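Next come two complexes, and both contain chain A; in the first it sits with chain B, in the second with chain C.
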Partner chain A sequence: MDAALFLNWVRGTGLQIAVFVFLLGTVWRLFEIYSLGRKPDLAERRHVAGASGWHTILRRSVPIPGMMQRSGMTYIAGYTFHIGLGVVVFLFAPHIKLIQGLVGLSWPALPSQFVDLVAVVTLAAMLVVLADRIMKPVKRFLSTFEDWFTWAVTFLPVLTGYFAARHLLLPYTLMFSLHILSVELLLIVLPFTKLIHVFTVWPSRWFNGDASARKGVPI
Partner chain B sequence: MSEKSGLLIENLERHGVSRRTFLKYCATLASLMALPPSAGRAFAEALGKVTRPSVIWLSFQECTGCTESITRSHAPTLESLIFDSISLDYHHTLQAAAGSAAEAARQAAMKLNWGKYIVVVDGSIPMKDGGVYSTVAGISNHDMLMETAKGAAAIVSVGTCASFGGLPKAQPNPTGAVPVTDLVKDKPVVNISGCPPIPVAMTGVLAHYLAFGNLPELDKLGRPLAFFGETIHDRCYRRPFYDQGKFAKTFDDEGARKGWCLFELGCKGPVTYNACATVKWNDGTSFPIQSGHGCLGCSEPDFWDAGSFYRALSMPADPLKVAATAVEIGAAVGVAAAVANRVRKSAAKAGHETATLVDIEKERD
Partner chain C sequence: MSAGLSRAVNVLKEVIDAPIASYFNSCVHCGLCAEACLFYTESGDPKYTPIHKVEPLRRVYEQEYTLLGRLMKMVGLVKPLTDEELGQWQELVYDSCTMCGRCSMVCPVGNDIVYMVRKLREGMAISGHAPDGVVAATKRTVEIGSPMGVKLPAVKAQVGHIQDDTGLEVPMDQEGAEYMVLLSSMEIINFPEYLSAITRIMKQAGKTWTLCSTAFEATNSGIQIGVSDLARVIVSRIVDGAERLKVKTVISPECGRAYTALRWEGPNLIGRPYTFKVQHILEVLDEFRAQGLLKTQGFEEERLTFHDPCQIVRRGGVIEPQRNLMRMVSKNFVEMSDPSKYNWCCGGGGGVSANEDAEEIRLIAFKRKKAQLDEVKPDKMVTACANCRIVLEEGLEHYQMDLPVVGLTEMIAEHLVESEPGSQKE
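After this line comes the complex of A and B, so read on.
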């Protein structure tokens, strides 16, 4: 297929399919997860300082004492690439233009050169977490296909986006199309893999924290 | 058509083109095509010696815009004179002969120059329903192309229709139009795409062929790299505004008046390979973007079907059209899953058997 036609497909039909699956899957999964519910806890709620859903959200966002020494790379590279993804996705001018075109919302962008740098740092951090996963025997043992796969579908949009923006490796049209295609792949697999944590991470922490807090245990 | 003999250079001299002008033209052509300086001399020597190569011009499903562009580009350009100086033995628009005499001229030219003539094709070829949608003298375009191509040295597809199918091939392609390259596989074919193509791209290819006896380097779509090697966007004089993020939002706002980038108004420059931004049109006067309108992408395959001319490249074609349906179905599936989970939970609860200490003791025995 010609590059321009390919671009036309990924911008048209391809994106529609991806958005359809993404929205359908996300609504479905969230509905299913939160409708599971729990048995009503009939015991009286305890009140202990530092035990609540909100405390847990905060506490789980900082390393447990000692873990920074044992597994520092997980924290540093992990935080780096998560923040990097946020910057690249939501603070790059063309992405804001896209969101503005779709839903009308817009906000100031960061300079493209800075976003470029963030993209490189993000890619490097993702490679570090991958290497860490391969080299640490326990992590490797615990890893399933899903872990490798979700890493790849997250890595590809950043890589192709960077290449497209910098006109590297392939002609711009083709690279740009591959970038959109990789994002579509990400959108499609997101609701059905552990990537659903983009929606569930905070509610889950709150829920766990709250359930423990009822029993008087700060976690 | 009138004079069959005479060297090309003599013919040019008769039209008042001095040898110096001719040499300058050859040097310019060589540099345009990114050839070494020596190529200019080679051009001049070879072109000077050429004795009017026979060209058969086949017009199929086209609008004659390509012929208009090349013959009336700007009178009298050297392009048009070189064009005049080839032996154009068959051309619907330009030939004097009509009817069976015209067809006889084509047959005669083919016979006389078998294996040496150049076939220029202008327009796409209809394949549906036996090719009835376009015929010349009762011969379908397909049959005429295949017959004429047999004895050709090379084929030049002029314009996007001949190169990629163009407008006739636009969805739903009612005539089953195909480009030349879909049919002719055993001859060298050059695609000079564009709607219309840039005249110098065509004369450049002809000159290259006459001078060196082969075709210039082509891109993967069969277009001469010298003219189609870079995008309009990469060579656009408005590019700095793109890099600065300065865009015209409408055709009459401040940005448009200041000559800012037309990307958001649908310019297809970033994905269009052609030489408009450098060679320009009408004797180097201007090109679409310079006149305030975005590039349509006319030298790319299927540009008619590549979405609106006025929609920014970065803007997808309404992906949220399906959003409401997706959310509804998602919610429905979610509710169904929730119900199924509850049913399973209830069933597990109902099927639960209370085990007593006695039961366990029994099992142990």
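After this line comes the complex of A and C, so read on.
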């Protein structure tokens, strides 16, 4: 298969398969999780200002006192790569064009030099996160194959995307095809691994915040 | 599969709900929960990471409630849970977890880990993997009436002493009283000051109150051990007593677990809301204070700090009353670092203090409280949970720290403005 054919496949059939698995997988997984339901709480609830599941969805983004000192690297590197991913995925002009082509929505992009810089920072932050997982006893202890694997499938699209945009390492067409392929891998893997947290993190925070809010404790 | 294991798996299948499924799917293994757990921070051993403590529950969830997990189980790609593994986890689920809930406050994806520990304990207990000390305490509560084996005559004897000392009546089984007062065994045996304080405070506030001969014990070790059936029996005793005496409010004593068990778990255990209100004694005292019914005189001269019992504050929602009351009788009240809902546990909640296997790790975990105390250097520590009090006293003794620990209700009572001769504070 030559480079042009490969590109055609990843842009066509490959993408269709990936999007199909991603959508169906996500809907199935979310149904599987949330259809389990929960029992009503019969204890008379307290009403305290600032205590609710919705508050916790926001508030949980800020570490509680003392945690930055205890595990600053987790927060700083974690924040950096999450925000970085958001910027390179949603604020890079070619990505916005792709989304516009698919669903008709578009918004202003950031200058591509800036997105390039963000991609480098994101890659660096992800390497820090990886090093932290290897070095910190607790993280190493908790880590399973899935943790290393999901790190890799998240890292690869950013790396290949950066290389493709900068015309580095491999001929552009091949690198661009590899970039699309790595995104497809990410889409296929997402619903069935811990990457599903992109969706479940919000209800999780809500459930926890709601349970605590019922007792009158804003968390 | 052994009978015990199959019972455990069935119970765990029953307790798994949407929040638990959401939590397990959200976990990214960041390890931040370890930094919130005093068993990890003080020992440095990663096995004490809170999310790792609920691994058996995660495996049952994955293998029973996810399509992929079921497929993997069918083709032998994942190992089903074994009885030996549950046995190994006892140390993590009981000895090194006080269900203080601090982990649930820090998890960045929002996982309520303590909720999952509580549910996992249901499966552990039913398969015979709960510590003997807590099992025995629960049996005594169900069969005799209290975890420490205290019976009604012991309560009556204490009532007699208090009536002699204060010259006041301690009402028993008085129908239609506004408040029904509960005690913890620890208060009956070790801290009789509590009931004496209540007697005098109620007199000053001009409130009607009563003890109940069929429900004087508030402690609920059914919750600690994780057996909802037994917890229900213990709660029902209180509900029956309160409804028989037609009281408006039941007062939970200076005991953390008793409060969460009665106030937050109770209605769910019996399957209906209560016909009466449940308040912690600190809430009642703070209400009296706000209404001008609680009058004190003088101030403690010493530097005081307050140890927040997890189940009353973070897990119970009683946050400000104790601070208002402390300021009422103290001009030198200092907060420890990480106060109120962020507090660090004494290390002995959730049945840990009744569990002999846990003694060593409990004393290691106490180093957290020691560090907090070393920072503020108080002359006296006040708290509002008899179990915390005993655990704190033992920890202080172990580390040779000379620091008295007192109950807040009793300290307030020492400052009461009283009209009866002979009972006024000198």
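Everything below uses one rule, namely that the second predicted complex is superposed on the first by the 216 of 219 C-alpha atoms of A that agree within 3 Å, B and C clash if a C-alpha of one lies under 4 Å from a C-alpha of the other, contacts with A are read in each partner's own complex, and residues count from 1 in each chain.
Convention: contacts are C-beta pairs under 8 Å (C-beta built on N, C-alpha and C of every residue); 3 or more make two chains touch, one makes a residue touch a chain.
What you are looking at is a predicted structure, and each value in this text was computed from that prediction instead of being measured.
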Worksheet entry | Residue contacts on chain A - larger count, chain B or chain C | C
Practice prompt. Return first, second, both or neither, reflecting whether A:Q16 touches chain B, chain C, both chains, or no partner chain.
Written response: first
Worksheet item: Does chain B (first) or chain C (second) touch A:K215, or do both, or does neither?
Response: second
Worksheet entry | First (chain B), second (chain C), both or neither touched by A:F207 | second
Worksheet item: Touching A:D116, do we find chain B (first), chain C (second), both, or neither?
Response: neither
Worksheet entry | Partner chain(s) touched by A:V138 [first = chain B, second = chain C, both, neither] | second
Practice prompt. Using the touch definition from the top, say if A:R29 reaches chain B (first), chain C (second), both or neither.
Written response: both
Discussion item. Based on the A-chain superposition described above, do chain B and chain C contact any of the same residues on chain A, and if so which?
Written reply: 28-29, 32, 35-36
Worksheet entry | Residues of chain A defined as touching chain C within the complex | 28-29, 32-39, 41-44, 46, 48, 56-57, 60-61, 63-67, 70-71, 74, 78, 136-144, 147, 192, 194, 196-197, 200-201, 203-209, 211-212, 214-217, 219
Worksheet item: Quick one: in the complex, what on chain B touches chain A?
Response: 221, 231, 245, 264, 270-271, 297, 300-303, 305-307, 312-323, 325-327, 329-331, 333-335, 337-338, 341-342
Worksheet item: Where on chain A is chain B touching in the complex?
Response: 2-5, 7-8, 11-12, 15-16, 18-32, 35-36, 93-94, 97-98, 101-103, 172-173, 180
Discussion item. Under the stated contact criterion, what part of chain C meets chain A in this complex?
Written reply: 16-23, 25-32, 34-36, 40-41, 44, 46-47, 49, 51-52, 65-68, 104-112, 115, 263-268, 271-274, 277, 313-317, 319, 337-338, 341-342
